[in-house]
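The following pair of complexes shares a single chain, subunit A, combined with subunit B in the former and subunit C in the latter.
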Partner chain A sequence: MANIVVCYKWVLDEQDIKVNPGNLALDTSRAKSKISDYDRNAIEEAVLLNEKDGHKVTGLTFGVAGAKQSLKDALSRGPAEAVWVNDPVAAEADAFVTANVLAGALKKVGNYDVIICGEGAADTYAQQVGPRLAAVLGIPAITFVNQMSIEGDKVVATRKLGDCTETVTASFPVVVTVLPEINKPRIPSLKQVLGASKKPVTEIKLADLGLNPDDLKRKTTVKSLKGYAMTRKNVIYKDGSTAEKVAKLVAELAKEGAL
Partner chain B sequence: MSEEEKFDAIIIGAGPAGIACAYLLAKAQKNVLVIERGVTAGSKNVTGGRLYTYALEMVEEGLTKAAEEALERKVVREQITMMDGDKAITIDYHDLGFKGDVPQSYTILRAVFDEWFAAQAEAEGAMIATGIRVDDVIEKDGRIIGVKAGEDEMYADVVIAADGVNSLIAQKAGLRGELPAHSVGVGVKEIIELPPKTIEERFNVGPDEGVAKLSLGCTEGIQGGGFLYTNKDSVSLGVVFSPEQAAKNGKKIHEIFQDYKMSPAIYPLIGDGTTTEYGAHLVPEEGLRGVPKKLFRDGLVLVGDAAGFGINMGYIIRGIDLALVSGAAAAKAIIAAEKVSDVGPAYMKELDNMRLIPNMKAVAGFPDILTLPRIFSTYPKMANDVFQYLFTVDGKVPTKMTKALMGIVKKHVTMGQLMGDAWRGLKSI
Partner chain C sequence: MPTFLTEEQELMRQTAREFAKNEVAPVAKQLDETHEFPWAWVKRCAELGFLGIPIPEEYGGVGADALSEALIIEEIAKESGSLALIIDAHTSLGAMPLLFEGTEAQKQKYLVPAAKGEKLMSFGLTEPSAGSDAGGTKSTAVLDGDEWVLNGSKCWITNIGAAETYIVTAKTDPDKGNRGISAFILEKGTPGFEVGKLENKMGLNNSATGELIFKNVRIPKENLLGKLNRGFPLFLKGLDEGRLAISAMAVGMAQGVLDRAVAYSKERVQFGKPICKFQAIAFYLADMATEIELARTLLYRVARMHGAGQNFSKEVAILKYYASEMCVRVCNLGVQIFGGNGYSRDFEVERFYRDAKLLTIGEGTSEVCKIVISGNVLA
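Right after this comes the complex of A and B.
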């Protein structure tokens, strides 16, 4: 039996974020949060592995106070327990800080054989936390995984690399980052939702992790965050028969170099 | 069945009816489970947008004040607009008294209000499971003893069907059949964002004040009408109409809505706004006649839209208030009942005590007026012709008023039709 820890991020739901058409500023005031989509695949994979051969699955998240809401959701998806590092620093953390914090939490929790992360977060998609976490812990990382199994004290994983695949094996402990295509996350059932509120949750304060102040200073600086607006030409071909209109459109597209 | 999996009450649906019930039951230390199919409470709900606060106060005194952050604007302008193409008459009743200590009504956005209310119930100890659809009830020896959701079964002393209009649960329990098409209206609605200042200027209201506007003559002769409510930084705009008549006339839902939106009486009010939500939903239209004969069985009660509680007087639409009151009535009945079989009769008594049934009885005849076909086209047109006559000055010698008015009336209806409609109207109210 392996101890599987699955990391997830509580992110703003992009559907609720509005872009101010004037200055392209983002309005997140009405945005709800959700478990990052790709991390749902990570949770599902951990739970599937458990259902197949019997392992222990723990959910781990680093988030602000609001991330408390995520615990029930995460636990209803199958992990046996959850660990939550609760600190406002999470709002400003980059992958460097997050990896340090998650590594600190893992050391504190102690037993970890397989750590599963989503390939990237639904908000920043930096694809860094998994590999960085492995580096901080000094263990292997297997990325771009679209299939995995646990055999004894090893992980066997298939990596998807462009148009070929690579199958790799690594001994515990190991970090695995999974692609969304690896599975289809379940929709929790009534009993799973109700059961979630009875599962144990450990809340850890950042101060208890014994990290250096430097570990918590982000390495990247966000200079601006803006919506992306596609500029459209808004040309309508009104005159002439359909054939003429199409001909005009094609001619125009050819001139623009779009064809 | 293990005790752990049995609740005092399971409530299906986290709309105003379900949450009002859950809130009071949880406050009385009952072990309550609310099951909602939407991802969050309110996420799937479409309403016009006005809540009469008396109902919140009936759930619990002081609840309106507590809910203020989740409510939009205090309605101080009540408007009725009669439209006819590029003409329109608007009656604008302005009453600052409606703002009172506890304002008479607020405009609301259900996504905001329902979520707030659900959080209150949760804080009182109710368990709310979202993202789960109840598929059936579980029956044993003629009693409803629980619910089925997917593979899972869950048991309770009492199940409360608060699952809205066209209640699946009421049908499964055999308390009502499929809704006939003529008994419901279809509502379509958009939420259009506008800066608060723009709303206040266009509608001539103060920062916390709002407008409720109902329109006639905008549904191309089909039974129905338009509504408009001003929220803090958006406008809720929609139409409600008879799907049966629309189908007969070959009209598409979105065409009727689009024409209303683009009409000269409405478009200037919402121009430059951004549509952020679009939704459609059914509305019970038959008033008291649409309420099933029986509202309970052993182990089950129906509340809110599921019980057919709705009042449509043409110029006033009520449903949220009745949902809140009936949810509270069910909770009171459950708290007071000594055994499960007492709950149903006690609920019926509470509905009377809390004046819900008497309220519905008082306006039981209104659906008859609203099925008068001429209300939705002929009379708005006629009224507009009258005003056009009154306000036209073009240098020609005006026709004598009595003659002109008679002429206008005759152009639209026969005397027999007019008398008949007046008689039916008077009889109905």
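Right after this comes the complex of A and C.
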């Protein structure tokens, strides 16, 4: 039996974010939060592995006070328990900070054999937390995984690369980041939802992780945050043969610097 | 939509929303055309717990409150009125009377499989001569030794054929009007108990509605539900449950139409701009949103009264009357905003428009609700 820890991020639901058409500012005042979609694949994969061979699945999140709401949501999807690192720093954390905090939490919790993350977060999709987490912990990372199994004390995973797939094996402990196509997350039943409140939750304060202040200083800075507006020119090349129309389109795109 | 729900209520609603969006919406239009009973949906509803929401865990249900049930029906009704009605007839009308008045043996035998979603339920009160006036019930039940013998027929009954367990009413004292009616539990397949023809309905095409026929149906004495000649107050209590569910359906369907109308009005261009830029259309949307929000506010309040164990008969009649009429008005505006496309089967608002009209008729017409409301006001 392996100890599987799934990391998930509590993000704003992008469907609720409104873009001001004038200055492209984002209005998040009415946005609800959700478990990042790709992390739902990570949770589902951990739960599937547990159903197949019997492992222990723990959910782990680093979030602000509002992320408390995520715990029952995550637990209703199948993990046996959850760990929440609760700190306002999470609001401003980049992948560097997040990976340091998650690594600190994992060390504190102790037993971990397989750590599963989504390939990227639904909000930033920087695809960095998984590999960085492995680096901080000094363990292997297997990324772009679309199929995985646990065999003894090893993970066997198939990675989907540009033009091929690659099957790799790594001994515990190991970080695995999964692609959305790896599974189709289930909808939790009402009984699972109500059962979630009976599962144990551990709340950890950032101060208890004994991290160095530099570990909590973000490496990136956000200069501005804006929605994007797609403006269409609605140009249709009607005249001439297909070859001529394509040539005109290419010439026009080249002139605008798009090619 | 700040609604001050508990975390559990939010999550249960999320479960229903995901199910409705991912599994109901993609096939709702096609199923409406084939009129078939949506077994695949019903099976999923059983797995997710939607067929036993307010039934306590000890009887195989989820043990959630009335508000949770309203939230779930609301989400499902945004995509399919038929499925919402199937759940309403099964749970509020069928299973709740068993929970209220069933003996322990009846609960174990009939309520547990219903709450788990293994067996669907149906509730038969209406007859050709007994609609708003249940006193006109002509079906009879006569005790013969250890068995009741039922004769007569029912019409307009939801979930016929699909259901395994039926709660039906019959006269046990022909001289006593409403005070001579009792409720019975019938199993599908009992000799003499037939499912008659389906009604040729205007909408709600996926909920099977039609006749039940009793020809010397013999059932054990212990299948009397509740006290002899006390069927009337029992189904009035069940109808209060049903009115809450119907109102949740009304709010959900109206919201479904508003969402579709908003999207359409932003895309449809006439006179050089999207039609939502015309104040006439924008104000329709404002009226729809206002009415829906009012009905929803009352829905959640009445559900909370129910959850707190208060008598909510008057309030639920007010809610049912307002919400059902509101839904019809909103659907009417929805079709108007879609113009000619609103009149087309290819766009879904037409289905909602047809489905919505049941809401002002079933489980107490608007007029009957006003009788209840005025009676309370004048009392």
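Just so we're on the same page, the second predicted complex is superposed on the first by the 233 of 259 C-alpha atoms of A that agree within 3 Å, B and C clash if a C-alpha of one lies under 4 Å from a C-alpha of the other, contacts with A are read in each partner's own complex, and residues count from 1 in each chain.
Convention: a residue touches a chain if its C-beta (ideal position, glycine included) is under 8 Å from a C-beta of that chain, and two chains touch if they have at least 3 such contacts.
Worth saying up front: this structure is predicted, and the values here are computed from it rather than measured.
Colleague: Looking at the overlay on subunit A, is there a clash between subunit B and subunit C, or do the two fit?
Modeller: Once subunit A is superposed (C-alpha atoms), there is a clash between subunit B and subunit C.
Colleague: After lining up the shared chain so the two structures overlap, which partner does A:194 touch, if you call subunit B first and subunit C second: first, second, both or neither?
Modeller: Both partners, subunit B and subunit C.
Colleague: Touching A:161 in the superposition: subunit B (first), subunit C (second), both, neither?
Modeller: Touch status of A:161: no partner.
Colleague: According to the stated criteria, A:69 is in contact with first (subunit B), second (subunit C), both, or neither; which is it?
Modeller: In the superposition, A:69 touches subunit C alone.
Colleague: Looking at the overlay, what does A:126 touch: subunit B (first), subunit C (second), both, or neither?
Modeller: It touches nothing on subunit B or subunit C.
Colleague: After superposing on chain A, which stretch of subunit B overlaps subunit C: 56-64, 74-82, 200-208 or 308-316?
Modeller: Residues of subunit B that run into subunit C: 308-316.
Colleague: Subunit A residues touched by both subunit B and subunit C?
Modeller: 187-191, 193-194, 197
Colleague: Going by the contact rule set out above, which residues of subunit A touch subunit B in the complex?
Modeller: 18, 32, 187-191, 193-194, 197
Colleague: Where on subunit A does subunit C make contact in their complex?
Modeller: 69, 72-73, 76, 187-191, 193-194, 196-197
Colleague: Can you name the residues of subunit C that touch subunit A in the complex?
Modeller: 7-8, 10-12, 14-15, 18-19, 22, 47-50, 53, 62-64, 68, 72
Colleague: Over in the complex, which subunit B residues touch subunit A? Could you list them?
Modeller: Those residues of subunit B that touch subunit A are 33, 35, 40, 127, 129-132, 149-152, 154, 276.
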